[in-house]
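What follows is a set of notes on a single structure, which appears directly below.
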């Protein structure tokens, strides 16, 4: 059962009021404008045992995403296509309010929003992931872990996911005469085939003010968010209104415009980080 | 099942509807005896039951809020409501939609009237033929009204789809499965608020504008149906008394 | 762990006392005699996506039962027979005291009592449900949902189950040369093969009074119930004593006589509703 | 396993018993050290252990009742007690039988003596050869007595079956598996109450009457065994003191 | 999440203090010396439906262990070897503080310590447990149930496990031309192949005193235990420090010496009980 | 994967280390923003993050103790940290190691300073290449220090293995998988206490003595690294202030 959440006790009411009043005047405590996105720091290939991975810092929010390729059976209605599974967990390291245990509705919603954007835009080229058509295909597991929570987990997760997918390489496989598949992860044959790119951009609403990329303090005064998936060619690849409030039609259209501009830029940042890493220049770590 | 032709040569849809035409909508209020309020809503062959218990006290006191009621909501599908039998364990989709439906009705409930209580909304999908979450929002909203929960407005919902390149209203399951996009929208028309907005699929900015307009048009028609049903119910009660 | 239930707070103690006193004088608040069954309203084929279904109203108790046929593997010890799975859930819509979640012991007991009656009387002819003998058979899933609870859930469920089974048709199947089975639910080839018919009749005991088909208020004063499965030829196809009390031998025999008479009549009601529906006269719905 | 001949030409059963003959019944009381009361009951190769904790306070206070003790009961099978290994997760059968066993002992416990407490009964099936639920009822009843819980009567239980057309007492697993009906019955003989009655199978009214008579006869014999074991235990304790 | 346990309320503080003071003087309430092990009573073959079983009483601690052999698939990396699965449950019969439900961390740790000792010492000869090499092997399920808890559950469980394994016989199997395996448990073809033998010996520490085989009262004053697996040839086949305290190096070495001596003797006791039983002299039961 | 040669002809190990040589150890303290304390510890390619929340009050009051803080600990592996993807459900191994890690840090925490509170330690294995539990203990201990929890000593841990007949320090995954024994040890060097000791494998008494000596030697080196990192962190903070 989904239930009205208790207000997080993280941000004291006085501070929340200050934040809300500043936002109404178009000012943010961090000095950002309403449409400023926080700096994003991306470490490509952070986890050696993953087939692709990324650590993303969006302000003080930290997310690690990893891709594992496993040999599995295709869906009966798509016998020559790979499969995609996206999971997200909010780790108890990220916030004193996060409990260990299976993903709650927020983590499930986050994973499903990213999953749908990847799927609808055909980000991964599933048609190239058959190993033995009709029998064995690659299953692409994307696992997202939020390690530190300073707001806007969806966007940070979507950036980490896109980076991890772009960082993923297919291991060598051998198929014997009986159709058994042996994977040799020590040899990498090609990058994961990618068709398109997508990130989400979150626009928050407090009273009548719209602003992008809320941090944790700002989220304490947000009742409604629009999470907008943006493709590299500037189309809308998904929307999710979230939170216990509503929006007017004009607000939705304004939020879209903010998101489309921001999203295309974020994808460019990811692309440049990934090619930097491919040419061996990525160095940063979690510290 | 082979991909059916979604838009026929005459411009009508696979089931003969015009692009901007709703399925037959049926609304019944107060269908259950032991719930505080209930409603059965049908969009074509999609059949959704909503029941409300409360406002009431609950044993899980740590969930309650000092200044208003909390709303708890479960969206649930009966195992035989779908083509393939649905396993009884709650799916991730059901967990997400429980949140989405709750957040669609929460903006109109005057929860401040009943602090330290819970208002529980249970949605049961009896037969699923596309649009179950939108029918669920409409049913939940009517069940709340039937339970006497004070509300700022009724919320009604409908999905717009893009199928065969055409934007169409109130898509059914075939159109959802084989179409290009599905955009469910919930509206509280009198207060001008969208309380649910999802897009599954890819649209340009212009297509999105059009789709939104179509959804609001459909919602207005459902809103009239819903208010009429409430009026009927209310007057019947008066007469019976 | 099973534990002594708390008395439901639904029926106030004063009212319960009145009910108990009336019952001792052979009178029921509804005007029924001790052996009167409530009127049953049956909608055959209520759920389009089910392979068979029924909505049953027993007084104000509402139950919907549906049958889904799935292709499965046979049990090793019965390679040419179909399989039967019966589940029941008490929906939170039915009562403010029902919590969402997996079936509790009462729902499990209800499902198992109906399951055993179906199985022992061979209601469904399992020998005709092989698709590829030894490899693929029909699995008959009966799912029972209690939507509104005004007492005597078992009988309402058993009536809904029998009706749904009589309403069930087998979809067309095609088996390819590899033994793969394709189901086409849009074409119906034959009714589910039925050997016998069964319903349960519940007889309740309060102090020394026996009465049939208790409603919810009456259940608040009942300590012991006998659920008796009755076949269309008037035999006993199952018994379950339920509740924290006991019965004397003479009471058991008296309860049996009530149940046998009532059960045979209930089955006739179901049969006539099903044939009405088959000839196109069923119309009612949940409203 | 092929269907064995259940009734031999001489009218005896597959294990040589007469139709109205019990298996060897063994009863041991007070077999555990840390439980308030315990009993090990064997019907032939069926071996069931019951332990009682309480009456006691429990952390789950919301379950407790102001005017009497609640009884909590779990019927559980050890994984190697059955032919095929039983998975450790509680089966639907175990959940049902936990309720059935609880409701079989509840009528004789004078629970009003210990309001606001719980009496916990744990039944472990160590070896299963038919009749585990009836042995469980007998064991639970003796464990309660051993724990000093005041009772109106002992409850003992036994199953009657119809195998090869013949009504037989205390059926074992082979008879249960290949027979036509299985009817477990629990009785509190001194107060004339049946506290468990199930029928799995199809009987006519007359067959049922006969089966019931046979069950009551068998129960009386087990009752004597049980009382004797209690007497022995009690006297041993006296002597030891 | 693992958390600091609450002190069990079983042993009153006064009594605990007395026990601790006595131990410091090298005296135990039972009259045992610090290195005395309690008497062990072993019933070989206690459970008829198990393929091997034992009931063990260590003082007032009672454990029953059973072995079930099931036909299963081999691990891909050991296609011709059987598999071993060890589970333990602390039954609610054993202590008023044990709750029914899935095994807690203590039961899981116990099972894993015994599992590792069996595995590392290759107690069961897995190479002889293939039925159809590469396809079907025996899976050896060892299930341990603690029925009565008077301290030192690990050792009692390890003794019961070793005895049950030595008591286990392989049933007859028939493999048909399709590779299907039929098991006939009524015929026994050979004992389970055993390479080596192992038991654990637990040495407890209270302040600066080491003592073997703590009973339940003694455990109330123990902060640290070393569970030491000992092989029949006197080697160390596993160690697990358990409890919220620590040990000095010298204490560890002293504990080892106690364990090695005790363990070898325990294994001899088990061996003699098993051969007694094989020649038909075992009689005792749980009473 | 074929069994690699674990000890080369020149006496060095498969990765070129001497038998008594640690992998490169990296320690970062205070890497997370929302935790009371945190540390990232790397032993070669093994990468483990620990975070501490508390001392704090918790809703589960029945767990708390009147005379000291309780420590709660979870050892958890990210799904992609291992060669084969780890299923998200907690494994029995993770449950055991949560206990083992908790019991390794508990002896040095001065929990009596904060009665009726909980100190929560969350360990996340980001990349697993052998020695995750020992890196976890070191990380947990540093995260506690970073959180300002008063401690009697730091605890650091390292595993000794027997591979190809040779005792080696700080074994990696290949050595663990193909070696003969794995013995993780945690030590609080200043107070001379071993707080974790496990042996998986078979050793003689003499081998065990040697292994223990080697572990204590390795632990001393890690202890120096850990103290240095704490000093750096502390001084940086001073300077920043």
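In this document, chain identifiers A, B, C, D, E and F correspond to the written order of the chains, with residue numbering beginning at 1 in each.
Everything that follows uses one rule, which is that contacts are C-beta pairs under 8 Å (C-beta built on N, C-alpha and C of every residue); 3 or more make two chains touch, one makes a residue touch a chain.
The shown structure was predicted, so the numbers you read here are calculated from the model rather than taken from an experiment.
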Item to check | Interchain contact steps from chain B to chain E (minimum; 1 if touching) | outcome: 3
Checklist outcome for this item: Contacting chain D as well as chain E are chains none
Checklist outcome for this item: Those chains that touch chain D and also touch chain A are none
Checklist entry - Centre-to-centre on C-alpha atoms, which chain is most distant from chain C? => result F
Next on the checklist: Roughly how far is chain D from chain F, centre to centre by C-alpha average, rounded to an integer in Å?
Outcome noted: 52
Checklist entry - Quick one: chain A and chain C, Cα centre-to-centre, how many Å? => result 48
Item to check | Length of the line joining the C-alpha centres of chain A and chain B, rounded to whole Å | outcome: 28
Item to check | In chain B, residues with contacts to at least two other chains | outcome: 74, 120
Checklist outcome for this item: For chain A, residue numbers touching 2 or more other chains are 1, 100
Checklist entry - Round the ring, from chain A on through chain F, what is the full list of chains in order? => result A, F, E, D, C, B
Item to check | Partner chain D, residues of chain E touching it in the complex | outcome: 46-51, 53, 60, 62, 64, 66-68, 70, 87, 89, 91-96, 100, 102, 141, 143, 145, 147-150, 185, 216, 285-287
Checklist entry - Can you list the chain E residues touching chain F in their complex? => result 1-4, 6, 105-106, 108-109, 111-112, 116, 120-121, 226, 231, 235-249, 252-253, 256-257, 260
Next on the checklist: Can you tell me which positions in chain F touch chain A when the two form their complex?
Outcome noted: 28, 31-36, 38, 40, 45, 47, 49, 51, 53, 56, 74, 76, 78-85, 88, 120, 122, 124, 126-129
Checklist outcome for this item: Within the complex, chain E is touched by chain F residues 63, 65, 70-74, 92-93, 95-96, 98-103, 106-107, 111, 118, 120, 181, 183, 188, 192-205, 208-209, 212, 216
